[in-house]
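Pasting a structure here, questions to come.
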Amino acid sequence: MEKTLTKNESEQNWEEFFKLDLNEKMDFYEREGKIYDCLFAQQLSKKLLDVLFDIADKLRKITKEKEGADYIASLLSHKRAMLYFVQPSTRTFLSFLNACHIMGMKTSEIRDSSTSSEVKGESHDDTVRTFSSYVDIIIMRHPKPGSAERTAWLLNKTNRPVPVINAGSGKDQHPTQALLDIYTLHRQFNGNIDGKRIVMVGDLKRGRTVRSLSYLMKNYKDISIDFVSPKEFKMERDILDFLKNHNIPYTETEDFASVMPQADAVYMTRIQDEHDNISGESKKVDYSPFYFKEEHLKIIKPSCILLHPLPRRFEIDAQADKDERAVYWRQERNGMWIRAALMAYIFGIEKKIK
Amino acid sequence: MEKTLTKNESEQNWEEFFKLDLNEKMDFYEREGKIYDCLFAQQLSKKLLDVLFDIADKLRKITKEKEGADYIASLLSHKRAMLYFVQPSTRTFLSFLNACHIMGMKTSEIRDSSTSSEVKGESHDDTVRTFSSYVDIIIMRHPKPGSAERTAWLLNKTNRPVPVINAGSGKDQHPTQALLDIYTLHRQFNGNIDGKRIVMVGDLKRGRTVRSLSYLMKNYKDISIDFVSPKEFKMERDILDFLKNHNIPYTETEDFASVMPQADAVYMTRIQDEHDNISGESKKVDYSPFYFKEEHLKIIKPSCILLHPLPRRFEIDAQADKDERAVYWRQERNGMWIRAALMAYIFGIEKKIK
Amino acid sequence: MEKTLTKNESEQNWEEFFKLDLNEKMDFYEREGKIYDCLFAQQLSKKLLDVLFDIADKLRKITKEKEGADYIASLLSHKRAMLYFVQPSTRTFLSFLNACHIMGMKTSEIRDSSTSSEVKGESHDDTVRTFSSYVDIIIMRHPKPGSAERTAWLLNKTNRPVPVINAGSGKDQHPTQALLDIYTLHRQFNGNIDGKRIVMVGDLKRGRTVRSLSYLMKNYKDISIDFVSPKEFKMERDILDFLKNHNIPYTETEDFASVMPQADAVYMTRIQDEHDNISGESKKVDYSPFYFKEEHLKIIKPSCILLHPLPRRFEIDAQADKDERAVYWRQERNGMWIRAALMAYIFGIEKKIK
């Protein structure tokens, strides 16, 4: 398909547009002062976060009773969503799907590109434009960086665009994961993220979640971060520079236990071996010093919370699950609620949720 | 499975029935003077087309407001549809699925025969009869010609039949594609298809859509058709004879540009290489003279419309998409609405749509 | 994953718990005197069966009218179900899915483990716990014996369990199949199963359905059973002992025709060659003496009914389908209704169905 696209002037425009600094193109994905497409963690301003947290909290409360749940499910009953997931994903997929169900939206699924017309030689642009013919919003996961933005860019230039939510586009962005992570901190800290010390552990180099979460820390005061990782997978320079520019103090260490006692939150991640550049690269690294073991429960503070984006392998001992401070299952569930809130916001019905 | 079936008397009956002229068996797929199963483009009489166009237009209008959309979605909320798609299909599948959602129907999907009981050695007859146990309508796409009709025939002989809609059965029939094509002409010509000159371009020999569309032209007055194709893929004799019998003038040419200036509609198609009898057969043909290029926009009339059943490869330059006369995206969307109308009609609730 | 799990104390607890006699652990899967998880055919007491039969009969009656169907679909409109089907299954899957739709539940599907996070190295425990984060009930089919029970056991130990329904766990249990079989006898015998003579035919050794059905006969009076099978696939000793202990007379024979004339119900099964221990084991057996042929319709009583769990291969001649006594298609449909009834019961809304 590349052939057709490179011939086109529009394709060249895209290449140029794509390279722009995020700040320069943010407006293109907004309407009437609100985000229209949710593509980058950078779109999540403090103000927007607070709005979304508030919607999500209300959704949870209202839907506890059947009457409330039925009311909420009536708000977007006239909307149809498309979940276009080219990559395997259970958690993000189910989280979005059930968020749609909470809001009463009807859903269509593509979970495997082999069922798609792309097999008949259709261009990716035509495929997503087809989806937009049938539905009111596209939630999209794709292995290629920039793919969700490309879809939003394309549709915004037609006379019948629909909003696009990026549910993970390769290594670059996964904004709703950042959203659920920060929502979890917000809830667990009773709305006071300011002043907290966050420890991020694991494959920091290739983990999308810790990168986005670091970025979002700019929205809060007096945050400090400890990065704990094997030397092979240290946090990348761009994020460290960003933190410096925003006067957010951080440390880097390989000694996990040393930073545990002061932590207000420990954010664990798994090794991202699917992103190995050289085959077996990850296997050479001893990851075990970066595991959270049952005995560590005695070291962390009584108020410290333990997060993980999941799925996990061995980074957190299953014995820790029973501890009240292990909040990763709640974190998962927060994802469903904050995604429902995001869709309520994008469709402009947040005022009906009170 | 063939073994069991050929032993049966009923199987022999089917073989005989299947060979009957369509006119002789049409009644078998009707109830109370209305179509019950939608299997052939030949079932689409002028009268029925006008009814369906009217329902579809009303559905679009009513669902523009949330209250209207909720009302329409209440009409078939007690019905359950089965989408049984053994062949890869994005467009037709999503179009039907969202049509069901518009009408408020609950849906079950089989999109891949490997998830089916057919792997346990069940006959196709038993499989579809099982589906009919759970749902109120079966929408079916299958690579084998006659497969949808076979299903309808089988179910009509039981004491608990459900309607069957053919969503494409191999090379032979795809009636709802014909329906959306003619609905697109109807809408774009403001209800006046009479007197129009239609140019059909591409692989006319193996394209189901151009065959059905030619057939449906019998319903209108003073139509003329220009067939443009490589000599290898000319329109088949049976359709040409049909046009002669109905006094519909046509021409055949390889010179696309020569017929462009007079065209009221240009219907483009892609090369159907999946139907090659000899491997590589299609690759030997130079298809490029049958492409619609950006410069052709200057040759066609200001009122001429450009259609394509999609997916496309290179038949239409993506640059043409921006032109108002390129209606293939609307054509796609028309498919969803006319399919919703068809289901409303089959379930007899069309009077509630006004 | 095994590695993590065997290290854990909790894992050892499971192994011990799993080995307990069913009677000892039944309570663990109940709440307030009602079943919470539906895992074993042994949970289906006479009293519970009567309650479920009554709900199912009422559901059928009420939903005949649109108003009734809409009312029933409003009862669980606030609930979300997960259908987690790791094994290919059409019938059970569609039956449960449409049962959910009848009750108005929203549904999420996993029909193939390859789309799941298990590919990223997640443990099965974490996967099902994730599902439980998003939905209100898990309906689960898995090839591994005990897998559904394991899921229920795991979730019951968390502070946010959801009910689990076993939709088939390998060779050991498929309680809702037993439920639909007994419901079919109940309906066809107008509520009088007592005193009936049941003939079970085929691969009795490896057929889950005939084992469960034999077990459930303890709930009725004066039942007698004839087991008809090739000598290689006779009913297992444990079931024969169970029948003796409950004073249920039975015979064993290879001569199908000899037991036909007295039968009140003939329950046919297919050869379960997917459970062959030695490759080709099943092929050596001549299964044809255990087929129900068209001519047998003259031998069985006018009141005798013919059942089959489906899918069938050649065990029942398709010619028999037209006979009023062939009830397997109704049996299939009964499955959908009784499963809807089970969910209504588990969610405690049965009093609203009257």
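The chains carry the letters A, B and C, assigned in the order they are written, with residues numbered from 1 in each.
Everything that follows uses one rule, which is that a residue touches a chain if its C-beta (ideal position, glycine included) is under 8 Å from a C-beta of that chain, and two chains touch if they have at least 3 such contacts.
The structure presented is a predicted model; accordingly, all values stated were derived computationally and were not measured.
Common neighbours of chain A and chain B, by the contact definition above: C. At the interface between chain A and chain C, two copies of one sequence, fewer than half of the residue numbers in use are shared by both copies. Between chain B and chain C the CA-based rotation angle works out to 120°, given as a multiple of 5.
Once the centre of each chain is set as its mean CA position, chain A and chain C turn out to be 40 Å apart. The multi-chain contact residues of chain B, meaning those touching 2 or more other chains, do not exist; every residue touches at most one other chain.
Residues of chain C that touch chain B in their complex: 63, 66, 69-70, 73, 88-91, 93-95, 97-98, 101-102, 111-112, 270, 274, 310-314, 318-319, 329, 332-333, 336. Against chain B, in their complex, chain A makes its touches with residues 4-5, 8-10, 74, 77-78, 80, 82, 106, 108, 110, 114-117, 119-123, 125-127, 129-131, 133-135, 158, 160.
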